[in-house]
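Across the two complexes that follow, chain A remains constant while its partner is chain B and subsequently chain C.
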Partner chain A sequence: MISKLINRKIFTLLKVQYSNMLEYRVEIALWAISGIIPFFMLNIWTNNNLNESINFSDVMLSRYFLCAFLVRQFSVVWVVFSFEEDSLMGKVSPYLIQPLNPFFRYFAQHLAEQITRFPFALIIAFFFFILNPESIWIPNLGILFLSIISTFLSFLIQFLIQSIVACLCFWTEKASSIERLLFIPTLFLSGLLAPVVSFPEYVKSWIYLTPFPYLIDFPANLLSGNKTNISGGLSIQILWIILLFPLFKKIWSEGTKKYTAMGS
Partner chain B sequence: MNLRKYLKVYKNFLHTSFASELEYKTNLLVDLITAILSLIGSVFLLSIFFQNNSYIGGWKFEQALIIQGIYTVLNGITNTWFNPNLTEIVKHIREGTLDFVLLKPIDSQFFISLKKITPSGFLEIILGFCLLLYCMKINQINLNLSFLTLCLITIICSICILYSLWFFISTTTIWFVKTWNATEVLRSFLYIGRFPLNSFSFSLRIFFSVFIPIAFITTIPSEVFLGISQLWKILLEVIVALIFLSTSRKFWLFALKFYSSASS
Partner chain C sequence: MAQNIIAVKNLSKSFDISSKEPGIKGTIKHFFRRQTKSVKVIKNISFEIKEGEIVGFLGANGAGKTTILKMLCGLIYPSKGSILVSGYLPFRRKENFLKNITLIMGQKQQLIWDLPPIESFYLNASIYDLDKFEAKRRIKKLSEMLEIDEELFIPVRKLSLGQRMKSELLAALIHEPNILFLDEPTLGLDINAQRNLRKFLQKYNKETNATICLTSHYMKDITSLCKRVICVHEGAISYDGKLDLLLKKLSPVKEILIVCRSEKDAIKLENSGFNVKNKIKNEITIKIENNSITSSLKNILNNFDIEDLFINEPPIDEIIGRVLIKKDYDI
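Here is the complex of A and B:
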């Protein structure tokens, strides 16, 4: 009974958000294009033969960066910006009255956006293969399945981190600047611009203790067929989710107590 | 006198935007940390590239740092002036408030491009200049008058090109209305400006000097800085900047003919 209700809620939310997102398909296409930085990085790497020193062949490197692009496409999170706007405009108040945590709404929004984005990401990958035909490969089904899971886990980690930051809106009103601060290490340490293997030793010694390499580097390596510790990576991803979820719940319940309705 | 009127109006713009930005004082601190981290991150990325190579695209690490410095200054300028104002254009057009701007007895492009200011971008500009000073020391560059004027001219030209690019993209919203993310695409392309143009493959080099002249924005000023730029390149940059400025102006006036107000 309860699970049926939840199912219905989730499907309705998804349907509403999906039709909402379809309206903004040009935006989403542009957004997909704005994620092509990994390809520029690939160009620098191969054009200067930087990969020779890290034992990455040209083909593997181009696959890696393509996968990094794809993983990034399906793990982009912007919940803090939506939540900040809603909370500054006072839109959070009606959401709070509903018997559903408003973050489900944002979660459905993100999932719907990913579904809308899917064809555009495929088109970009298609063009990439036309330009680099030697890098075409077909991952086996098991790896594909595991990398989809790990991409989703990476999305969940980022969603949780951002939701925690978003809850700071209850105290500071402008939490997006904190998110921009957190985005910097995500950008440079996650493996979006350079594979983590290429990092100098003094960074590699501590980076695996942070969630960053599990956001893009691990799923991208998995999907592109590089050697990775699959079970280790997946379990650390899950561990981060288990760690972050109670933190989010705590900060959410503290924050809603603090909440003062604005603009209404 | 017309100029005096504009100066007076600008002083008022400064006053109001400072007042509204200083509402969020902790934001300034967070933004400072973000700017510092972002600079550290890009130097870190650069150091990965130079780990086993002493030259990238013909640039040494010490020289490539100059490009970083100039990029940081320009990025600071973007964050201070262009970003807050030109994303506002999109909002004006979407909500139909551009009507109020057009009705004012003042040039609409002036109003729309300079209305707001985000003071936290200053920190980035200062950081960039500090890096440039450091670069002058390690590259043993002597200061003299002709060097300074040439640097100033090329940097001003870069700012003009950058402004025109931003303004051009934002103006297209008059037709497409929902293109918030178009500025994101530009932003990701501008990311290329952190690296010497010669480090990219030939086709990308052509693309980034003809279609989106990022080459002119950071590489030429850096060459001037090093004293290795030819005169024709500087002249070319001045010409490109003039063309971009006048085209962006004409484009704005042209686009306004197609503006049909919204929701009124």
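Here is the complex of A and C:
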């Protein structure tokens, strides 16, 4: 019953946010294009024959970076910026006195944005295949399904991390500057710039203790068909969610006690 | 006899506020060592509000009216004291409590800016667990009461302030709350829009017996809606009681402008023992105490040749203005 009601609320939120996102379709297309950093990295890697050092063929590498691009497209999170603005401007006040946690709104906003982004990401992938016809492959349905799940879990991990940071707005007002600190490891350790397998052994020994490789590297390897521990990767993603969720709930509950409803 | 729906006892709220001296020196000092001090914005206040009452909170800017409303609706956490609204502790924000209340802030909006208001209404309806048919019925009813129709389908960003405020009201009332917290709901609206909003609130209160807590700097909002007012001065309650009693107390005399048939009559009236404010030719203004107004007027009409007569109520803004700067009114 409860889940049915929540589902109905989320579904309506999603519908409304999707309509809202369609108002911004040009911006979303531009955001999609702005996420082509993995293609630049692919160019650097192949031009310098760096792939040989990690036993990746050209095709494997180009598929990896295409998948990294796709995973990034459907797991990008900006909740800290939206929440910070809403919190500082007092816009979050009306949402706080509604019987639905305001983060559901941001969650629906992200999902709606991903749906809007979907056709643009496909178009970019299409052009990628035209330029790199040797990279064309069709993943089997099982792998595709698991990759979608893994990408969604990656999105959830990032959403929870950013939501925790966003809640720091209740104490510091400028939580986005803390998020900036997380941006560097996310960029370098997630596999967006290079497959994690290419990192030195001593880096790899501790990097897998963090959530970062499970944000891009793991789902991208999974989708591109590279060798990866599927059950291990998915389990660790779920474990991170299980760890982060209660932390978010605690910080949310403590933070709202500090809320001063500034600007309203 | 109506039940108490809001009970506030010894409520206080403090905020930590940082201060910075001007200039480069102040900025550097502020960077390394932030000076914060705890400011008590609400000081040990207590009051009760009955079901169906419309209560106006009056006070100067920064007096603490909005902070009180925010604590009543559970938006901010009290530092001390207790609040019970409809049997709930507001800050716990229990679902049933939230379904019972609404907060409308004149300067803030919850409608989605780029979409028509109707989308926000259906969204709110689902948040409050209303099915589509019920939501449709309530939207129809409220839009008729608020006299909005085509505006429901126009993106919010293209609506006028008045149309937007009406839509905000509809969004905030779709779950038919029985306690309304209104923080300057008529802010920025033109005279007609203000009047329509007041009419709507009166009607809503009459039809649903909803309790309304209202802050406003427009005295017309207060006088036409509230029988009871709570005056807040520097975080403390300086007056809690009937509005007309406060006005009588603060303005014990009325000014009467009398136009006599001739200047001779005006001179006669001037010398007959009344408290004369001024006299210009055949027009004379006198001050009469409220409790003797009937007998005094009878006397004037019987004994003097009067052409016309005007009773001037003192401007309410001026009277209330006096309340806002005084600490205590013992009436």
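By definition in this document, the second predicted complex is superposed on the first by the 260 of 264 C-alpha atoms of A that agree within 3 Å, B and C clash if a C-alpha of one lies under 4 Å from a C-alpha of the other, contacts with A are read in each partner's own complex, and residues count from 1 in each chain.
Criterion: contacts are C-beta pairs under 8 Å (C-beta built on N, C-alpha and C of every residue); 3 or more make two chains touch, one makes a residue touch a chain.
Because the structure is predicted, anything quoted here is derived from the model rather than measured.
Visitor: Following the superposition defined at the top, how do chain B and chain C come out on chain A, clash or fit?
Guide: Chain B and chain C fit side by side in the superposed model.
Visitor: A:20 in the overlay: touching chain B, chain C, both, or neither? Say first, second, both or neither.
Guide: The second partner, chain C, only.
Visitor: Could you figure out whether chain B or chain C reaches more residues of chain A?
Guide: Counting residues of chain A touched by each partner, the higher count goes to B.
Visitor: On the A-aligned overlay, A:76 touches which partner chain: chain B = first, chain C = second, or both, or neither?
Guide: A:76 contacts neither chain B nor chain C.
Visitor: Is A:99 in contact with chain B, with chain C, with both, or with neither (first, second, both, neither)?
Guide: second
Visitor: Tell me the contact category for A:247 with respect to chain B and chain C: first, second, both or neither.
Guide: The answer is neither, since A:247 touches no partner chain.
Visitor: After superposition on the shared chain, which partner residues are touched by A:90: those of chain B (first), chain C (second), both, or neither?
Guide: second
Visitor: Once both structures are overlaid on their shared chain, how near does any Cα of chain B get to a Cα of chain C? Whole angstrom is fine.
Guide: After superposing on chain A, chain B and chain C come no closer than 5 Å at C-alpha.
Visitor: Identify the residues of chain A that lie in both the chain B contact region and the chain C contact region.
Guide: Shared contact residues on chain A (touching chain B in one complex, chain C in the other): 24.
Visitor: Give every residue of chain A touching chain C within the complex, in rising order.
Guide: It is residues 5, 8-9, 11-13, 16, 19-20, 23-24, 90-91, 93-100, 256-261, 264 of chain A that touch chain C.
Visitor: Which residues, counting only chain A, touch chain B once they are in their complex?
Guide: 24, 26-28, 30-31, 33-37, 40, 43-44, 46-50, 52-53, 172-174, 177-178, 180-181, 184-185, 187-188, 193-194, 198-200, 203
Visitor: Of all residues in chain B, which touch chain A in the complex?
Guide: Those in contact with chain A are residues 24, 26-27, 30-31, 33-34, 37-38, 41-42, 44-45, 47-49, 51-53, 56-57, 176, 178-182, 184-185, 187-188, 191-192, 195, 199-201, 204.
Visitor: Name, in rising order, each residue of chain C that touches chain A in their complex.
Guide: 15, 70, 73-77, 91, 93, 95, 98-99, 101-103, 105, 107-110, 112, 114-115, 119-120, 122-124, 126-129, 172
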